[in-house]
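Same chain, two partners: chain A is paired with chain B first, then with chain C.
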Partner chain A sequence: MSALMSLLAQAPAAPAADPVTTGEAVAFWILGPLALAGGLGMLFARNAVHSALWLVLSMLSLGILYMIQQAPFLGFVQIIVYTGAIMMLFLFVLMLVGRDSSDSVVEVLRGQRLTAAVFGLGFAGIAVAALVRALNQVPSAGLASVNAQNGGNVANIGRALFTDYLFPFELTSALLITAAVGAMVLAFAGKERQARKTQRELVIERFQGDRPSPLPGPGVFATANSVATPALLPDGSVAPESLSELIEGTSAELFGEERASVAGTGHAADAHALTGEEAAR
Partner chain B sequence: MQEQFLAQAQQQVNAPDIAYGAIAPVLIVLGFACLSVLVEAFVAKERRWGLQIGVAAAAIVLAGASLAAFISSNDAAGGPTGKTGVTTLAGAVSVDKPALFLWGTLLALGVLALLLIADRTVGGDMQTEVFPLFLFALGGMMVFCAANNLLTMFIALEVLSLPLYLMCGLARKRRLISQEAAVKYFLLGAFASAFFLYGLALLYGYAGSVKLADIATAAVGTDRSDTLLFGGLGLLVVGLLFKGSVGPFHTWTPDVYQGAPTSVTAFMAACTKVAAFGGILRVLTVAFQSTQWEWRGVLWGVAIASMAIGAIFGLTQTDVKRMIAYSSVAHAGFLLVGAIAMNTDGLSSTLFYLLAYGFTTIASFGVISLVRSGSGEATDLSQWAGLAKRSPLLAGVFTFLLLALAGIPLTSGFIGKFVVFSAALRDGMAPLVVIALVFSAVAAFFYLRVVVLMYFSEPAEDGPTVSVPGAFTTVAITLGTFVTLLLGVLPGFVLNWASSGGFLS
Partner chain C sequence: MTPTYYLLLSALLFSIGTIGVLVRRNAIVVFMCIELMLNAVNLTLVTFARVNGQLDGQVMAFFVMVVAAAEVVVGLAIIMSIFRTRRSASVDDSNLLKY
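And now, the complex of A and B:
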């Protein structure tokens, strides 16, 4: 998007030579390294929040660079929209996800990082070398003369948007609608919304079912007061429904012994306990 | 300050001329997409599905009608050969003969894809949001084919991609693999868009304009540094080739084809390829024709790589959808052979190939969606063993479609390959054509492997069942198969249309 804006800002550029002043050069050599440091810091910071803040630094430097290069509107848009709005949204999301979550350092493909670094540096080297050579032959065309015509920078951008770039500009609305629909689709994944039952319906349902009374609570005995202890029925047998299904479901065999001891079917003190029979069982 | 403000207020901004008749198909599709979003918002859930099908179908039919109206008026306007077309919206959109052909292709393929998406009887059952997304994607593809400057092309690229990313993740069953496919496609697609944008910036630096025609003028006889031109071209083409799932930029293709709901895969496989190659043809022909000697060698290499990857990796696949995905990579290589032929035959043959390939692919995915086991679609090749004994008709149709993909005579695939290769030969690319023929033979092997599997193996005990197709799917498969046969027997009409004119910038 920023590339788009810069294109639009420069669209009516006249090829008039506009030499780089000392002030501009000084500002560039301060802001350029800062932007670069921001980019590298974003890549290498382990913590996602730090990464985001490094990116803010990079974007701020770029915004100021745009202003120095006679594109004030673009500079302010960069700072207000990107640094102000989008990066803050980014930070919000990071905070929601949890700022402790950091990059995994496990390489899934062996040697991938090394290869990627080599190729990345190679590409950067080629691109920088070629561009330096290419751009040395290009005369710098400033925006000062264009900004003075037709009511200035902002008016010129507006004019370009509504004449030459009318169609792409309008087409962007399709993109925005798609994004909104997409957020809806992904976030609201078709949960069936059921009407909540009223108290009356619940009562009727309960009396039509096979058990109108509440389930018995767990047993409380002199030997045990755990919720995992089942209640005893009048005939002395265990009432299985007195235990929560959750407990039943998770680790039935864990409670098996307790249940057995309450029911009196468990093994009593065993004279052969130390012979290893227990372990073998 | 105030005087300056008043001076601004007086200036008149002249809005660009808009040829509404020419761009009516695009406007109708995008307008109905917005309408479809409104239906989503205001209509009760139970009635939405049917209504959305109606809206989408109406959009395509009306767009087709307005396209036909424009073509006839355009032909009537310019004498015996017909006018070449119009550029409109300050030169942002160029509605010329290839664009009209591609729009017609996209709308026709869109009908088939819509039929597959709309059929709920064989386990489709996506959210109704798929319909507005489908229409937005279709509209984006149509703009992409006709975009006459790179900025419009970029926005159109995003308009077509974003809905596709979402549609990939819409499967209700096998949700995880579907969403994985969506994320993968989104991340890699974002990278490809970044490449495109970087290339665009370099080209703007070179030519001082994003218009294709201006880039062509700047490239002819200047003393500017070529680094920006070729750097820009390289990065731009990477973005385009990614969308066309060509060669080494194909890595998303198998995973996304496998993970996405089958009807969405059908739409994506056919229509995205049409749009991407429409864009590639236009960029290469309009903007870079004069510099073709510098870059054509690289695209030779890419085409060979694409054919090799598609044919060789396709051999090792055990999943039908992945196999078709690799087949699409191989076909992208064949298409690229036609696209870099850089003559009028190259253009018309590539257009024909796109149309033929699109119909065959949609019909194949329609067939794949019918073969199901208890847990959903049975895409594993071992489950397809002996299918002909259980369902001879389906196996027969699928065999025919596979033969078309392999390029056997009497199918559209043969005619497509024939015209593409002969155009390449006429342009002096004989070595490339020989290589392409070798890889077609290799690729034919894995299509025939499936045929052999279906006819000459014993069916598995717990094999998949072939579900009875709904009316929509039946129509889609029938139409796709019929067109595949028709173009194989009587290709003349479409070939004439495809070669009716060149690009206008």
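And now, the complex of A and C:
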């Protein structure tokens, strides 16, 4: 890496048409490592949600880099479309699919990870070396003059889109509507709709079944709700806490008067009790 | 520094995305790696637009973003339907196109 740095340092300075200002260099050396850190974090995060958040960091850094590189329109589109829409769509799907569906550690192909890492690093080395060898003397024309005329960057891109690139631009509309319809078709759950049963059909179905009454609530084991009926434990024995102390611990004689009054054999209330006369029996 | 540095950053990001596609097993993370590769290519396009002094590269990056959005929508819908039938988002599990 240090050799690369020295090689880059020897590169001739950009021509005066598009000088790289100090502010841009500072921003690049802050945002570039941030973007790389986001990519590496996405690569190494075990949790898929963490991967998505690292990728958001990388995309935000790239969006600001676009703005620095005289592409303010693309920078804002990057932030709005990529981090605002696409990554939120990713997070939605992650939540739907289950965020704990992280990577399996089982290697289906033996040594595939190692091979992939070696090839990927080799690719990075080749690409970086080729770029350094090929492009370190390329002068940069810069977009300052282009962006200054005809109403700025956004207006110029709009003009290019609707003149030179009109047909591809129209094709993107077909692509977008195809994608929207395709996503709806693919994500549709595919349940055929059943006609709802009417109240009458439900009642007939219930009475033709084996139990017309509703099922007891959960946890109810008793066959009667009288206080004299003890509750049964899951093994069928009587739960001692459910025995009524009043009923079990009171002798029947104590309630003799009440039982007689309920049965109609006790003495009735005497309307003439205070007059001294015996009520006619 | 020269604009070449942006190209180096883009190459590194693209390589990270490539390694991620090859190494990760979760289909959604693989998809995110593809997004990172598309972003790296966009950075290349923006940088070349600047080097050439023309806006065509930026228009091309705009089209890449549109295609990426459409691709993400369809791809995530496919992942959802695969997950619904197989209860798994791992790319190793979906080795058959049917069943």
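Keep this in mind: the second predicted complex is superposed on the first by the 171 of 281 C-alpha atoms of A that agree within 3 Å, B and C clash if a C-alpha of one lies under 4 Å from a C-alpha of the other, contacts with A are read in each partner's own complex, and residues count from 1 in each chain.
Quick note on the criterion: a residue touches a chain if its C-beta (ideal position, glycine included) is under 8 Å from a C-beta of that chain, and two chains touch if they have at least 3 such contacts.
A quick note: this is a predicted structure, and the numbers were derived from the prediction, not measured.
Chemist: Considering only the touch criterion stated at the top, classify A:Leu186 as touching first (chain B), second (chain C), both, or neither.
Modeler: In the superposition, A:Leu186 contacts both chain B and chain C.
Chemist: Touch test for A:Pro168: chain B only (first), chain C only (second), both, or neither?
Modeler: both
Chemist: May I ask you to decide whether A:Ser58 touches chain B, chain C, both, or neither, giving the answer as first, second, both or neither?
Modeler: The second partner, chain C, only.
Chemist: Regarding the shared-chain residue A:Leu246, is it in contact with chain B (first), chain C (second), both, or neither?
Modeler: neither
Chemist: Does the superposition put A:Arg133 against chain B (first), chain C (second), both, or neither?
Modeler: After superposition on chain A, A:Arg133 lies in contact with chain B alone.
Chemist: Counting touched residues of chain A, say whether chain B or chain C comes out ahead.
Modeler: When the residues of chain A touched by each partner are counted, C comes out ahead.
Chemist: Shared contact residues on chain A, chain B side and chain C side combined as an intersection?
Modeler: Residues 13, 127, 131, 135, 138, 164-165, 168, 172, 175, 178-179, 182, 184, 186, which sit in both footprints.
Chemist: With touch defined as at the start, can you tell me which chain A residues reach chain B in the complex?
Modeler: Touching chain B from chain A are residues 3-4, 6-7, 13, 15, 127, 130-131, 133-135, 137-138, 150-152, 155, 158-159, 162-168, 171-172, 174-175, 177-179, 181-182, 184-186, 190.
Chemist: Could you pull out which chain A residues touch chain C in their complex?
Modeler: Touching chain C: residues 8, 11, 13-14, 17-18, 20, 25, 28, 32, 35-36, 39-40, 42-43, 48, 51-52, 55, 58-59, 62, 65-66, 69-71, 73-74, 77-78, 81-82, 85-86, 89-90, 93-94, 96-98, 101-104, 106, 108, 112-113, 116-117, 119-121, 123-124, 127-128, 131-132, 135-136, 138-143, 145-146, 153, 156-157, 160-161, 164-165, 168, 172, 175-176, 178-180, 182-184, 186-187, 189 of chain A.
Chemist: Report the residues of chain C in contact with chain A in the complex, numbered from low to high.
Modeler: Against chain A, chain C makes touches at 1-9, 11-20, 22-26, 28-29, 31-33, 35-36, 39, 42-43, 46-47, 49-56, 58-59, 61-63, 65-74, 76-81, 83-84, 88-90, 92.
Chemist: Residue numbers of chain B touching chain A in their complex, please.
Modeler: 4, 7-8, 11, 13-16, 30, 33-34, 37, 40, 89-93, 127, 129, 132-133, 136, 139-140, 143, 151-152, 154-156, 158-159, 162-163, 165-166, 169-170, 172, 197-198, 200-201, 204-205, 208, 210, 224-225, 227-228, 231
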